[in-house]
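Each of the next two complexes has chain A plus one more chain, namely chain B in the first and chain C in the second.
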Partner chain A sequence: MSAIAAKPAAGAAMDMTSTLIGIIILLILIAATYFVAGSGLAFMALIGVIVGGILIGFGVHFVPVGGAPAAMGQAPGIATGVAMLAAGAGLAGLFGGAWAAELGLVVATITGAIGGGLLMAVTCMFVNFIYVFGMGIPSASGKVDKDPITGDTQKEFKSQGTEGHGLPFVSYVGGVIGGIFGGGGGTLIYLMLLDLYKVELPGMMNALPGQVLPIAITLAGIFAIGIFLVNAVLAAYNITGTIEGPHDPKFKRFPRAIVACAIASALCGMVAIMIVAV
Partner chain B sequence: MESIVFGIGITALAGALATVAGAAENTESDIGSQGDPNSQVQLAPQMGYLHRIFNKAIAGEPPAWGLWIALGAGIAWAFMAMQINPILAIVLGAALATFVQGVYATTAYLGRIASLAKFGQPVFIDILKSMTTVTMAHAFVAIFAAVTVCHLMNAALGHPFPLPLLGLVWGIALGAAGSATGNPFYGKERQYQNQKYGAGVPIAASGNIVRYAEAGERNSLDNGWFSARLGGPASGVCFGLIVFLELWRTVLFEQIGAGWGAIIIGIIIILVFTVIDRYIEVWARKNFGAYVKPTEEAS
Partner chain C sequence: MTVKVEKIEGGIPHTTIMIAGLVASVILLYLTYANIAVGTEYFAFFGGLATVAALIWGSHTIKVLCSYGIGTGVPSAGMIAFGSGVIAMLFATKYGIAAPIVAIVLAAIIGAIIGFVANNVLNMRIPVMIQSLTEMAIIGAVILMGYAAMMTGSFELTSLITGKVSILGLSLPSYQASFIGGGLIAVVFMLGAIAIQHPFNACLGPSWTQDRMLMLAAECGFLSMITAAVMSMAIVSMGAALVSLLVAIIGWYYTYTKYIELSYRDAASWVDSKPIPETEGQ
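Take a look at the complex of A and B:
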């Protein structure tokens, strides 16, 4: 089948063959880790990394990103790249979550999630601030006639020859939710890897736990940032360019990203675990 | 009590430095057309509009700033490990990272503009000479301020991440906040100053950027001057608020309720910003009203 004859994959439909192959690869990766590293902390770390990756991939779909057209007021959303904006929010969340690591998994993960949401709340507010007070443009969605949350009509505020502009309220809420998922997911990956490294590194390096702690923190931090970017970029490919938020028809594509992010996170997680657990 | 007062002081200083970093970052990015509006600078010659605008966008703003600040922080960290005074170490780290930014800006400009040769766009050596140093100066201010923020988080507030990792995290966050806030102001309001105020740029007008200034041809220093009026300061306040509020809620409230205090305060801050955003949206709809087609041209 040539590229021209292939059906366009722009809809929300899942290709069942690819999905099944993906799930089989995922199970193989999980089973391989189980056989090599056992059912202890390393296996739990892998599950944590996969869950964190899925949260990131899902969260990226909420973030309203307009890319280059948004910078000219030609499309709604935030004027930057999908993966980069999600990474900014998620890593700010990871910063907060890592700080709260000693308060336990639940508190630290939620702290990270709120940190990501906080960055997006401030940033999205300033996007509307610039559009309204700097450029005199009210926000208008190009994908829906009414804002699903506030019920505000959109069409009459849209400039001629554009697809909309600014951040309607539903996009703002989507941005905050995306930041929350990203921050929580990134922190979860960091915490699971940190727990594993704190236990495994002293024996591996023949040193005291206090001596290896900075190495464990750095290693877990670098892997968390790396795995975050892998998942954010994968989800960005699924979105293909721009998305307005949870009300955008492209949002329905998220199941594909969840499968892809689970496989990619499993592979990255396996590498992150194998460096200490084998 | 003393440690809390100390923590609040450091938080305020970090917030102020982050504001400076954000403002310098956005102005640097707009002089170099680093953000999304670079698409129009690149498109213009292809539509027949030759220009003298600087364009160094070969990476998005967040990863580029992640690189430069992680580099500055890494070098400063190495100097500090050699027992050099932290302030001197940060200055040296920021200076060396700025040279990397300068090399990046030079090769990026030459590469991007040379690729437009088939459309007749010349490479202006005087633009390269005068713009690169200005972007480097702004980059130095932003890198120095951001690395100092990271050092304060690590050394004074006790964040567990080492300095280079903090540099990467906050560099990407700085680029994300700066590009989100500053890009529309440069892209719509400056590059398309010839379009109607208060409306988006029609897609049909893409590429027709403003190329002439009050005297002679417009260059990117004029754009930096324009951005420094609103886009830069707004990006600065945006990034400053992010850093300040994130540190403030942790330093003051993390001890309350085993971490839940900081979470609840974080949720309250998010709700406050949500209310402000909604107010701005409603204010604009009421005061600006619905879109009206321009009629002057037709008559």
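Take a look at the complex of A and C:
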């Protein structure tokens, strides 16, 4: 098959057979962890990783990703790819949450969510600033006639031959919500793995808990980054690269991403847990 | 257009590059084991060469995958490669001398399942998806292990998490001054992820030629190796780090001049533009 003939054929439909196989793989992975590591902290960590992965995959669907067309003012959204945006929001959230790790799971996860949301809010604001004052284009959605939140009409502002441009209000709100989900999910993965490593590593390495803390933090951090990127890219594959926000018809594809992210997180989480459990 | 499509499909077949990259990187990784056999750290630079071999293979895999137009941009392929690779690599380091083999097998399993998820559950339906993501996970794991071997002299977990700090001439073990404890793994994660996606991202288009892209991949690999060699001064002995640095600089200089030559060859025309011309006195 030549490079030109091939086009992404990802439809909106769900492949039920493959989804069922996927769910069976997911259950096998969870069961395998249960039998190897027992029902203690390690199993809870796996559940936390899966929940975090689902939050990340779901969150990516809210973020207005425009890609290269957006940079040329021909499509709405932030003018970069999902990998960059998700990495930005997720890592900002992860760093925010990591600072608050000592304050407990709930506080730290919310801090991470706020960190991710804040980064997206700042990004979206300056993206719109550059679109409006730098490129001289108004914000208009190409997918809906009226902004679902403000009720503003979009059609009059949309240039002919484009799919819309700029960052409409609903996309801005979507970006912030996506950042909150992504940052919170990333932080949850980090915290669950950190709790596990803090307990397991001293015994494994014959060292004091204080000595292994740098190892536990880096291991949990790098695994969280790895799992985060895998989930973000899978969610990006689901929306085939670009999306306007929660009002985009592509948003309805999210159930597929939730199944996919659950499987991928369970797989990566199991290996991350086995490093101390086996 | 037909000519250009043929050109994109021409060159060395992907299978050849894959086998060569896999064999070369595994052999080079095992050559760093000579450190332990002989008792020095001077063979650490083989780890860096292993990353270059894997990067050349990886950039071609990205080309095979991304020529199908996955829609998410080329960098996302590099990110998923390292995201799945780092998990396999860290787990595999527990197995001592078998680490590279375990990393490859485990990364292949992780990559195949993620490929199945992307291709079937997410309904991408790209013929090379499963194979490509399997390769990408292996490449990510091998590159990270190569950097680990280069910067610590070994690819075993114990040497990755323990370093040495000398205080007043006393050499004390420390977990903080190590490859993992010091967070150096996060830096090489990004060094590798950017080096693997850049060659195809920079060379794609109708004038894509295989040798130019692969030369750029080698150039990116050596450039990252220079940075990794500088960072390795914190962990391995200064002599070993300097050997790595020297190898990296020589390799980078050679591949960079070669790449510029190939760029001149492929360019329609080029003008040797001068800095701002001096108009004074005219």
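In this text, the second predicted complex is superposed on the first by the 266 of 278 C-alpha atoms of A that agree within 3 Å, B and C clash if a C-alpha of one lies under 4 Å from a C-alpha of the other, contacts with A are read in each partner's own complex, and residues count from 1 in each chain.
Definition applied: contacts are C-beta pairs under 8 Å (C-beta built on N, C-alpha and C of every residue); 3 or more make two chains touch, one makes a residue touch a chain.
Since this is a predicted model, take the numbers as computed values, not measurements.
Annotation: superposed three-chain arrangement on chain A; chain B versus chain C shows a clash. Of the two partner chains, chain B and chain C are each touched by A:Met84.
Chain A has more of its residues touched by B than by the other of chain B and chain C.
Once the two complexes are overlaid on the shared chain, A:Ala264 sits against chain C while remaining clear of chain B.
In the superposed pair of complexes, A:Phe126 makes contact with chain B only, with no contact to chain C.
In the superposition on chain A, A:Ile227 makes contact with chain C only, not with chain B. Look at A:His165: by the touch rule set out above, it reaches chain B but stays clear of chain C.
Of the two partner chains placed around the shared chain by superposition, neither chain B nor chain C is touched by A:Tyr34. Once chain A of one complex is fitted onto chain A of the other, the partner contacts of A:Met205 are limited to chain C, with no touch recorded for chain B.
Clashing C-alpha atoms between chain B and chain C turn up only in stretch 112-120, chosen from 112-120, 130-138, 220-228 or 256-264, once the structures are aligned on chain A. Residue overlap on chain A between its contacts with chain B in one complex and with chain C in the other: 67-68, 81, 84, 87, 214, 218, 221-222, 225.
Interface of chain C with chain A (complex): residues 1, 5, 8-9, 67-73, 75-77, 79-80, 82-88, 90-91, 94, 106, 110, 113-114, 116-118, 120-127, 161, 175-176, 178, 180-183, 185-186, 189.
Partner chain C is touched in their complex by these residues of chain A: 1-4, 6-11, 13-15, 18-19, 21-22, 25, 67-68, 81-84, 87, 205, 207, 211-212, 214-215, 218-219, 221-223, 225-230, 232-234, 236-238, 240-242, 256-257, 259-260, 263-264, 267-268, 271-272, 274-275, 278. For chain A in complex with chain B, the residues that touch the partner chain are 67-74, 78-81, 84-85, 87-89, 91-92, 94-96, 98-101, 103-104, 107-108, 110-111, 114-115, 117-119, 121-140, 150, 152, 156-169, 172-173, 176, 214, 217-218, 221-222, 225.
In the complex of the two chains, the chain B residues touching chain A come out as 35-37, 39-40, 60-63, 159-162, 165-166, 168-170, 172-173, 175-177, 179-189, 191-192, 197-206, 230-231, 234-235, 237-238, 241-242, 245-246, 249-250, 254, 258-260, 262-263, 266-267, 269-270, 273-274, 276-278, 280-281, 283-285, 288, 290-291, 293.
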